[in-house]
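Both complexes shown next keep chain A, but they swap its partner, so chain B is in the first and chain C is in the second.
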Partner chain A sequence: MKIFSNKNFVAWYFVFPVAFIHLFVIGIPSLASLALCLTDWRGLGEINYIGFENFIELFDDRYLKKAIINNVIWTIAFLTVPVGIALTCAYLLTGIKRGQMFFRLAFFFPYMLASVINCQIWKYLFHPIHGLGGFFERIGWEFLAVSPFTTKSTSLFAVAFVDGWHFWGFLVVIYLTGMYQVDNHLYEAADIEGATKFQKFRYITLPMIRPVFIFSIMIIIIWSVPVFDYVYILTGGGPAYSSEVIANYMYSQAFERFDVGYSSAIGTLMFFYVMIIVAMFGLFRRAGWDI
Partner chain B sequence: MIKTVISFVSVIILSTSFSAISKTKVTWSMESNADRDPIMIEKLQNAYNNSQGNYELVIEFEDNETRLTSMRTAMIGGMGPDIVETPGPSYVKEYHAAGMLENLDSYAAEFGWKDKMIPWAYSSGVFEGSLYAIPKTHESMVMLYNKTLFEENNWKVPTTLEELEDVAGKIKAKGMNVFSYGSDGWQPTHEHLVGIYLNNYAGPQAVYEAIIGEREWTDPVFVEALELLKKHMVDEGYWSGSLENYYAIGWDDFHAQFANRGAAMMTIGTWTFQATQLGIGASGDEWGWAPLPSLSSQSPDPNFMIAIGTTMSVNANGKNKDGAIDVLNWIMSNKDKVLDIAKDFEFGEMVVPLTLSSSDIPTDIAPQVQDYLSEYARITGEGNYGYCTWTFWPADPGVHIWKDMEVVWAGDISVEDFLYDHQKMWDKARKNGDTLPVPLRN
Partner chain C sequence: MIVAKYRRREVISNYIILIIFALIAILPLAVLLFNSIKPQMEFGVNPLGPPNEIRFENFSEAWVKGEYAKVFFNSLKLVVGSVFLCLAVSLAAGFSLAKLNPKGSAIIAVYLLVGISIPAQLYIVPLFLLWKEIHLLNTHTGLIIIYTALNAPFATFLIRSYMIRLPDELFEAARLDGANTFQLFFRVALPLSWPVILTAGLIIALAVWNEFLFALTFISEEGFKPMATILFAFQWRFENNYALQSASAIMMVAPVAILFMLFQRRFISGLTSGGLKG
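Then we have the complex of A and B:
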């Protein structure tokens, strides 16, 4: 019994409630999902073991392949555009003395809005009748006459743009926090050496915020895997699967086609993909990366 | 005196409370709709509760998507509402296969439900020889048109493909869209159009043969039907001007487009009657309806596609099965009350498929709706009915028919390849016993 009053054991009292909830809310359903991927369960009734049939079907599924490719494109888009804009804006904001709070709030504001509201705003803006397209058409311009959400070649990028618009303000805030931790003496020394603003960013700011930066890269890669809400609300994965992503496809299999077993197989695939990413970052840390 | 009044009031309060408490609760999980809910409360829940003293019906309204998920979860756990409302036979099939629905055969026999219902609608709830569901709403697809606009321009309401393409050219020349319709907010809208082209080009008989497995979906007649749809949708932009606009336009927009002469016609289900009456009615124009035009010589006669909108079943694990049966029997036995509810929705909702005579049709509804009800009864009674995909297609091919149709319209796969995949899904559904009841043709 002494162990329970041990000082080192006290921490477990605080961890236990969260761990207990996680076990029931995440642990057990995840294990059940892992087991269901080997069955033909349709969400109700009998569960039959079918071995790896779902996985065989999965590797032959052209729309899943399309969804995986779209997820990769999505990840690349998020690793470049919002990161680039957020880094630039955060760096520029550090030089603003008056009104900085206004910009920080303005950039962060979309992140505070619910995804449904963000989506509705952009849906109306791009609406062919009531949106900007309709407005420009009335004054004789064909600009945006067709909604980018409904065009095969642009739908994925249009959805990524809306999600990115809501997300980049969050990146600005975390980069800004990192930049404020940088010792000011380094910049003063650079000024004495005659460094340009870009050189100070490249050789001081960027290396000094590396932990924050790598953290942002990691969360972007991980969050890009289960991306769902913006796709579901704006395009439903269409037109013609052009904006389909893995999570939306998984949802469709489970709740539209009632193929829960197959949907679980897709979920399992996602789980292992995320685990690989996390393991990679773990390896980088072991290799001495400052993450 | 005061004491007497207090005693009197107390007795009344106690007796009222006691009667409420003594009633056994019957729960019904129903799709929520801000316009419909008050009417359902007043004319269904309260009317039923006032009609007897044993049960208290409680309707729980919820957004349909959330409702279906939470109801499914509850039923897996051996609970859930007493009356199970589903969006159609494919859902009933799943619940029935899991043994979660009560067999209604003995009640149907005891209360004579079979004789009270339209035969095809009754058989849509029969699974493995027994009744498990009763349709709450049955519906069809029709073509609406702006009657005032047609009369002004001397246009003829199309009844054939040639007439349709002719009038479409004239409508487009006037700078209007041929049909008002769109899929924003409800991607399965595509299946409405696919169903029209399959039934009105290939013909209901061919569709029936494919459903029961006597004809392949890869048959040239279906290929031609979907090629024609693709031509009208993608090349001609019949619906809302272009494929992209059709994808971008939702319920409010396409009703507005029809009401303000942005389009001359609309292909839509009969659930729209109330919205159409309110929309175009306010614009000052008069609307009319017609059966969907025949699109080939294989489907020469006008037909109505039959469909079930929502179904009612009894939860096998429900707390009050007797009460649930009593509610269903009240609906089946009170034609006048059910018609009164349907009347409030211009026969777009709560259209229980009870057998009606012409004298049953209310006279205080829109004349177009009265006319539709008579024509629907006459034409389907002659056996000229087609098949809506959301009622007769199993879940997997049922999703494929609308979701993958976008791939055909995008030109990513050919109609032949699409129908080859479709046939494979039907084969799989047939092998797994997932096909749905389909009424025999006369």
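Then we have the complex of A and C:
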């Protein structure tokens, strides 16, 4: 049994526990799901192979279509608003001396909070009587007079707003790490040329932080796929599916209707989408994009 | 520091914009804090401002009505168990990937990298059925195993990137003194790695304390639920009692806030670097 005390083999002992737990919890169930999406299983009884029927059903499912569109809107919203605000704040932060640390902590702290907490805070603040709506009414404005969570046209954006409020501080910190690495001489040279604040941002800061910037774009796209907590807690996807997202729809298919095959098909779809995004960014890196 | 590039007037406008955003981040939390010490009677006339009359009994009342002694204990059990198990397996794996590099270990690294980006929706249903089959539903052990698997890839990479910078000479010297691989791990690598152990531990603890989806799915029995899902239920149970709701929320935030004040840099660098590598 010499091989088991071989140095190379001992090194493997150290990796086994992680590999085992991860395979047990995530790897094997993932493979099971990739197989179950081709069946009509409902968690009990016989498992019948039905080919791609679940996927054919998926493409006819108008609630899922609504959910996919909402996820796309969600992704676009996150790629614009929090990114824009975070870039602005990070850039302004590099231009001040005092209070840098304070601002950084203030922006970052909401990122540390649990989704339930953030949802509770904003459910209260968007309450038409107690929250901001009541406040605006007292000063004579009619704004937020009904809860945006219960209005069809605004529910998705209201939920995305709460998640974004909690998330953008994370982006500030990421962009800051990139901006601190920019050589100060570049700005001094630009000053001599008489460049404006915006020009300096556009032609020096932005190109110099491209690696972190592209990274942030990638994680936003990937993290926008499985959004669940905020939708489930705040609106449950309603009213009338107006804030439904894929993860929440999948959850109801799985744990309310117990349609294992169908929910696995939705999970499979999400998985392949994420893998394509990851592969795309990997290819960009190969192609010399310097990410 | 990039300071020279601004004139005085620009600095003032910078501060104004930054203060506005800082208020947007902080004021909602201030309202929560105010409401947690406000008597329920006062909400009708003063829903957003600081309390006119301070009432700390909200906390004791919420503590008793929500049976938070038990809930806190549940959450604490999950946090301690997950941090312990996850650190144990990740330290070993990180050490191996950084210093031993057995042939073919790159496969494990790639597997874990892919593992980070698999959406939970892919595996949660089969995992649920598996947990039901082996009687791990509604147990803290079951959830601790899940949390370990969820956080292990991140922790492994964080630890690996730290240990890779430990000087090789130390390990070679210990080898020459006759240390075997386990002794290299316990006597050389671990004592030098406490900063990354602390960082990884804090991040795992935070993730477990805040986690919602798996706690919701795998623990349905009231007595075993952790803070996150209890608070969710509490919001429905005491729908209009904002004083109690806010006091409970503050109880869940308080440990996070205290740890954040003590270890700001660790939290920020851990949370961002983990993401940067993933």
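A few notes on this one:
The rule is simple: the second predicted complex is superposed on the first by the 259 of 291 C-alpha atoms of A that agree within 3 Å, B and C clash if a C-alpha of one lies under 4 Å from a C-alpha of the other, contacts with A are read in each partner's own complex, and residues count from 1 in each chain.
The rule we apply is simple: contacts are C-beta pairs under 8 Å (C-beta built on N, C-alpha and C of every residue); 3 or more make two chains touch, one makes a residue touch a chain.
From a predicted model like this one, the values you see are computed outputs, not experimental measurements.
After superposition on chain A, the partners chain B and chain C are seen to clash. Contact with neither chain B nor chain C is seen for A:M280 once the two complexes are overlaid on the shared chain. In the superposition on chain A, A:E256 contacts chain B only, with no contact to chain C. Touch criterion met: A:N8 reaches chain C, while chain B stays clear of it.
Contact with chain C, but none with chain B, is seen for A:G27 once the two complexes are overlaid on the shared chain.
Here chain B and chain C are compared by how many residues of chain A each touches, and C touches more. In the overlay built on the shared chain, the residue A:G43 is in contact with chain B and with chain C. In the superposed model, A:S242 makes contact with chain B only, not with chain C. When the two structures are aligned on the shared chain, A:S115 is found in touch with chain C, with no touch to chain B.
Contact with neither chain B nor chain C is seen for A:A189 once the two complexes are overlaid on the shared chain. Of the two partner chains, neither chain B nor chain C is touched by A:I69. Among 2-10, 20-28 or 74-82, the region of chain B with C-alpha atoms clashing against chain C is 74-82. Annotation: chain A residues 43, 123, 129-130, 255 touch chain B in one complex and chain C in the other. Considering their complex, residues 7-15, 17-19, 21-22, 24-30, 32-34, 36, 43, 85, 88-89, 92-97, 99, 102-117, 120-125, 129-132, 134-135, 165, 169-170, 173-174, 177, 179-180, 182, 184, 187-188, 190-191, 197, 200, 212, 215, 219, 222, 225-226, 228-229, 232-233, 246-247, 250-251, 254-255, 260, 263-264, 266-268, 270-271, 274-275, 278 of chain A touch chain C.
On the side of chain C, the complex with chain A involves touching residues 1-6, 10-11, 14-15, 17-18, 21-22, 24-26, 28-29, 31-32, 35, 43, 47-48, 88-90, 92-93, 95-97, 100-103, 105, 108, 111-112, 114-115, 117-130, 145-146, 148-150, 152-153, 156, 180-182, 185, 206, 209-210, 212-213, 216-217, 227-229, 231-232, 235, 242, 245-246, 249, 252-253, 256-257, 260, 264, 267-268, 271-272, 275-276, 278.
Interface of chain B with chain A (complex): residues 69, 72, 75-76, 94-95, 97-100, 184, 187, 242-245, 247-249, 253, 257, 395-396, 399, 403, 406-407, 409-410, 412. By the touch criterion stated above, chain A contacts chain B in their complex at residues 42-46, 123, 126-130, 146-147, 149-152, 236, 238-242, 252, 255-259.
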